[in-house]
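Each in structure tokens, the structures are laid out below.
Shared between the two complexes below is chain A, which has chain B as its partner in the first and chain C in the second.
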Partner chain A sequence: MLTGALAADLAVNGLVTGLFYGLMAIGLALIFGVLRIVNFAHGEFYMVGAYAYTIVAARLGVPLVLALPTAFLFGAALGWVVERTLMRPLYANIGSWGLMRDEYAVIVTFALSLLLVNFVDKAIGPYAFRAPALISASRVVVGPALMSGQKVAAALVTLAVLALIAFFLRFSYWGRAVRAVSQNRLGASLAGIDATAVSSLVFSLAGGLAALAGALLSPIINASPDVGAFPAIKSYVIVVLGGMGSIPGAFIASLLLGIVESFGAVLVSYQYRDTFGLILLILFLLFRPQGLFGERGREV
Partner chain B sequence: MRYASHLAIAALTMSASLIASAYAADPIKVGVTVTQSPPGSVVQGTQVKDGLEVAAKMLNDQGGVLGRPIELVVEDTQGLPEKARAAVEKLITRDKVVGIVGEHQSSNVLAGMEVAHRYHIPYINTNGWADAIREKGYPEVFNPNNYNRRVAMAAAETIKKLGAKKVVSFAENTDYGIGLAKGIGEQLKAVAPEVSYRFDTLDRAAKDYLPAILPLRSDPPDVVVDVMLPPAAYIMMNQVYEQGVAPTAKTWFYDASGLADYPDFWQNIKEAGKDLLVFGLYHPKMKAPELAKTVGDAYTKKTGAQPNRLLFQAADSLLVLADAIKRANSTDPDALVKALEATKYTGTRGEITFSSEPGYKYHQWLDIPYVTFQVTEIGQKVADSPLVEQPGQPLDPSKLARP
Partner chain C sequence: MSGDVRLRREFIATALLLVLLALVPLVTRDVYWLGVLVVSAYFAILASSWNLLAGFTGQFSLAPAAFAMIGAYGAALSAAYYNVPPIVGLIIGTGVAGLIGLVLGRIVMRLRGPYLALTTLSFAEIARLVASNSINITRGDLGLPLEPWFNDRVIWFYVFFGALTFVICGLYLLLRSKAGLFLEAIRDDEIAAARSGVRIVFWKTAAFAISSAAAGFAGALYAYFASLVTPELGLVQQTGLVVSMTVIGGMGSLIGPVVGAFLVYVTSEWLRDVGGWQLVIFAALVIMFARLFRTGLWGLVTTALAPRRRAAGRPA
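Entry: the complex of A and B
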């Protein structure tokens, strides 16, 4: 039975979960917005961040406040390398962006996903590792809800990072360049914007954000080689719900998914928790295929 | 003197050639299916593989079986039933193994044993607890390991002794999890019908169980039972603790999966592990046959790790098969099955025999020893945890420490 206290508890936990989904999904939305590809290895950037934070903090003894940005930088560097080595052939020597080979991106990112999972499995081992928490308190009262100190800290850092990203995209030169390229890559290039550098920046930023999400959650969801699969699937759903490539859409859809899953699991059944997002996805594809903030493509 | 040295050389040469001929003989190939990579439990797979290798080395150091060395042919199942099925098919048809050992996941046993049954090859189930494995009644399948009904009985007795009125289990969505959670309910009906019991099935692949846990905050049960395996179990246990549900002064946390001796337990569980009640198939304070010490020492020498239940289960699986080969004086499947049915072998955990009663008892070693212990400190080794229930004796509530 849904009491007021339980409803408030579910709402707070749903919103916090939604924030974490948002941190993951926004990188994916950025990549789709600029490169028009779906990165199937996005979850593995999350996994890499979780391991980077765990190893740097727990094994090398680096202070936690430094370990977090290290994980972000690690993910960003990996993103940069992947863009330079694997993504460039997508648009190298092709005069028109419309000739981009979608199947190439699917195959390459899927192969990268398998490679990273198996590499970590063999190099570090299959065991799950729990990273040290930013705040070690096991239980913190947040309004009507109880949370671990790490969850509260992770939620606050996530909010701050999302605000920074919004500020960056809206007011900085490179943020405006990202938005311009996502609107029209050719037009942006003709206006003097380096679309290739923007692609590099976006892949690095997306990799860094996913790695940061992995690092923030690694004291709660233990790092293991396959830990990236679940946030990646949520991210794909969120990007479609929010409107392909829309950053505000991805943020709103993340919170919506967190709330729907939280309440649905109690009101309907926990067994169907992961299906609520997919049901939403199907409904959106049927009745609002452009998503919450996406634009309907022109048809002739 | 010269003749003496010639004789000595001849004797040495003959001995060497005799030993060589024994080992030049075709090895007896034994198929092993274990998880060596995700998404299955690699922790379990590694412990089982190490245990089998220790037992195989012991047998080979003693001259092998029927003068032939034992050779383990290992296949990785990734914990996936379809891969387990394919692995058993490959081991039997291509590698010509005389038997299959090692499987440690019920869903995989249920898949692999179908193939073994089709080819009529002995299948020693090392750690599949699901009763359905026994209920199939396949003559080739033998179970010198634990079974769900046994844990269900132990859990029900423990819950009764704790005086609980309301119990909730969190079970993973596998044959093992659902089977054991249902079994606990059935046993509770029999031994403590006044207890209100329900179980929630949780997805092993999920990472957030809060929506299933939150409703317990306002109406906590007397006992929460873990019927999940790592890594999902660790996440669930941490979240149950984080929400203040268990272990608390009101609510016990009973670990029916026996996770506290896993090598990565304390890497993943901190405060949530303190005061945990654990169902255990091995505890260093248990009485055990001499063979357990030999196997345990060899394992520690090989891996540097302390012995664990899966080591002994794995070793016994291979030793029981080797014993049957010796008694049958053959690797013929019919002769092996017959010999296995007549097993009376003192392994690492006691005297192993197989029941011929139908149902969950079929080809099962019924008297598997078990204990209950309580974790009283964070980071505590199993050896240092107090035993609150010795094998064959009822749980002593006066030994329990309330959180």
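Entry: the complex of A and C
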């Protein structure tokens, strides 16, 4: 049943899907690393990005090359506002919080997701929006696989952005500051790193990346208010698989999940393809909470 | 001691509220508004059961709607395939949800905070995906039809109020007993509770099972009321509603979830005519309450009343 050609096709398609997952999941991993919370509204940044791109490009006629960065900036601005207004108490007077901290984070991000979905539903409407594609070619041959032009173009942009993020985190001052704060918030602030600014930066970056993912995929998936739920769940799975808060882990887990899903849908069950990742998530949290590559000793 | 007084005060306030609401059919027999109150009561049971877990035991589960859906399917499937009478279907739905809750509760025992939230959310999504994709058994998104139990809205109204009263009394008795003390001790400091001899595994699992069974009970009852069971009952948004109601009403109090459920659901039906911005407003309210008034509406009420009481006691 599984011929060589089909396997190669599945692998390429899985990898490309994995790249898009990566764009989403890395933001979530960054937020978890720095703030130790799961942003349950992450999918809504994706949704906002998809709408921003569609509206700016299709309604206002802005060139597509500019519409993509606009979506990123929009997501980043939203992330910044959310961090400033809602996430501040998580670390501003952390000592007095204790027990309620985790619950607060879940409640607020969960409610934010509800707020954004319903706001867009009322303000723009529940109907799906079609966005203009970056490339008009409907079919492009990529090695052994056949893909839509938009998917190829989006994958290339994603690859470039991911490389940029890797360089930023590895070499720039702020990138190193982000990694320092994820390792040890107190230690980093004692060393003179502005942990508050890092938190804002990370939330904006994560919001921007998720929005960019939404913008890149909007010609394929069409923007609608609840479009973010699906990629959000994928990114939860990835962040757990890669080890909560680990960026390289999240990237590798994204590619892995993409491949596992594309093969699983053919080999195991198409009907239940969306449950594989969720089952992996539960198994990992129970038996290997540090993820595939995470360090030991994270509190569970 | 003061906890006991607080709990009794909350119980009396809840009882008064329920009595007041039970008089509604004397005023109106409007089918639509009685239906709204029935659904509110359904949410009140869900929110109260979730509150036992999240508010009293400190286990922040994101699966209450999934357990309601499981209870509903338990009733609908046994009715569809074995033709059981409603009361048996109700027991089966409650039992299945309770059993699954027992197993899940035992499994997630050691997880906390974001890890617990993610695990229960995944469980909820798996349950919903299985229900909506097992088309030859559940008919998928088409839903399973069910013979309605009663046809009179007033009877349904009192059935749901009876069920809610039953759940509230059960919770009150549970929380008033030693068990309530143990649960709150676990919430406040698990390690200290264990060191003092509280059987952590037993009580955490028990709380999870009881909460799930209550949610399943609500779901099964709702299945007979709606006479159609769809996977939509288990949507994460439904859990979002349950969380919103509890947070707005007051988490960790007996009355909070009941007040929250009725307030949120009834006003949202009201606001439906004004363009349907209700969910936006409530989500914003939840964020505001979580950010500024963490004890919810009930907490606001008690703090507003407290100084006056002290002032009244002082002039001696």
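The rule is simple: the second predicted complex is superposed on the first by the 285 of 300 C-alpha atoms of A that agree within 3 Å, B and C clash if a C-alpha of one lies under 4 Å from a C-alpha of the other, contacts with A are read in each partner's own complex, and residues count from 1 in each chain.
The rule is simple: a contact is a pair of C-beta atoms (placed from the backbone, for glycine too) under 8 Å apart; a residue touches a chain by one contact, two chains touch by 3 or more.
This structure is a prediction, so every number in the text was calculated from the model and none was measured.
S.K.: Which term applies to chain B and chain C once both are placed on chain A by superposition, clash or fit?
M.R.: After superposition on chain A, chain B vs chain C: clash.
S.K.: For A:37, using the defined touch cut-off, is the partner it touches chain B, chain C, both, or neither? Pick first, second, both or neither.
M.R.: A:37 contacts chain C only, not chain B.
S.K.: Answer with first, second, both or neither: which of chain B and chain C does A:286 touch in the superposed model?
M.R.: So A:286 only meets chain C here.
S.K.: Mind working out whether A:240 is in touch with chain B, chain C, both or neither, as first, second, both or neither?
M.R.: second
S.K.: Determine, under the contact definition given at the top, whether A:103 touches first (chain B), second (chain C), both, or neither.
M.R.: A:103 contacts chain C only, not chain B.
S.K.: Just checking: does A:113 make contact with chain B only, chain C only, both, or neither of them? Give me first, second, both or neither.
M.R.: A:113 sits against chain C, while chain B stays out of touch.
S.K.: May I ask you to decide whether A:139 touches chain B, chain C, both, or neither, giving the answer as first, second, both or neither?
M.R.: In the superposition, A:139 contacts chain B only.
S.K.: Taking the superposition on A as described, I'd like to know which of chain B and chain C A:86 touches: first, second, both or neither.
M.R.: So A:86 only meets chain C here.
S.K.: Just name the clashing stretch of chain C against chain B, choosing from 9-17, 27-35 or 207-215.
M.R.: Stretch clashing with the third chain: 27-35.
S.K.: What residues on chain A does chain C touch that chain B touches too?
M.R.: Residues common to the chain A contacts of chain C and of chain B are 117-118, 229, 271, 274, listed in rising order.
S.K.: Can you tell me which positions in chain C touch chain A when the two form their complex?
M.R.: Those in contact with chain A are residues 54, 58, 60, 62, 107-108, 110-115, 117-119, 121-123, 125-126, 129-130, 133-134, 187-188, 236-237, 240, 243-244, 247, 275-277, 279-280, 282-284, 286-287, 290-291, 294.
S.K.: Which bits of chain A are touching chain C when the two form their complex?
M.R.: Where chain A meets chain C, its residues are 32, 36-38, 40, 86, 89, 99-108, 110-115, 117-119, 122, 229, 233, 236-237, 240, 244, 271-272, 274-275, 278-279, 281-282, 285-286, 289, 300.
S.K.: What does chain B use to touch chain A in their complex?
M.R.: 37-39, 42-43, 200-203, 205-212, 214-215, 217-218, 230-231, 234-235, 238, 241-244, 263-264, 267-272
S.K.: Write out the stretch or stretches of chain A touching chain B in their complex.
M.R.: Going through chain A, the ones touching chain B are 3, 5-6, 9-10, 13, 17, 117-118, 121, 125-130, 138-139, 146-148, 151, 220-222, 224-227, 229-231, 261-262, 264-266, 270-271, 273-274.
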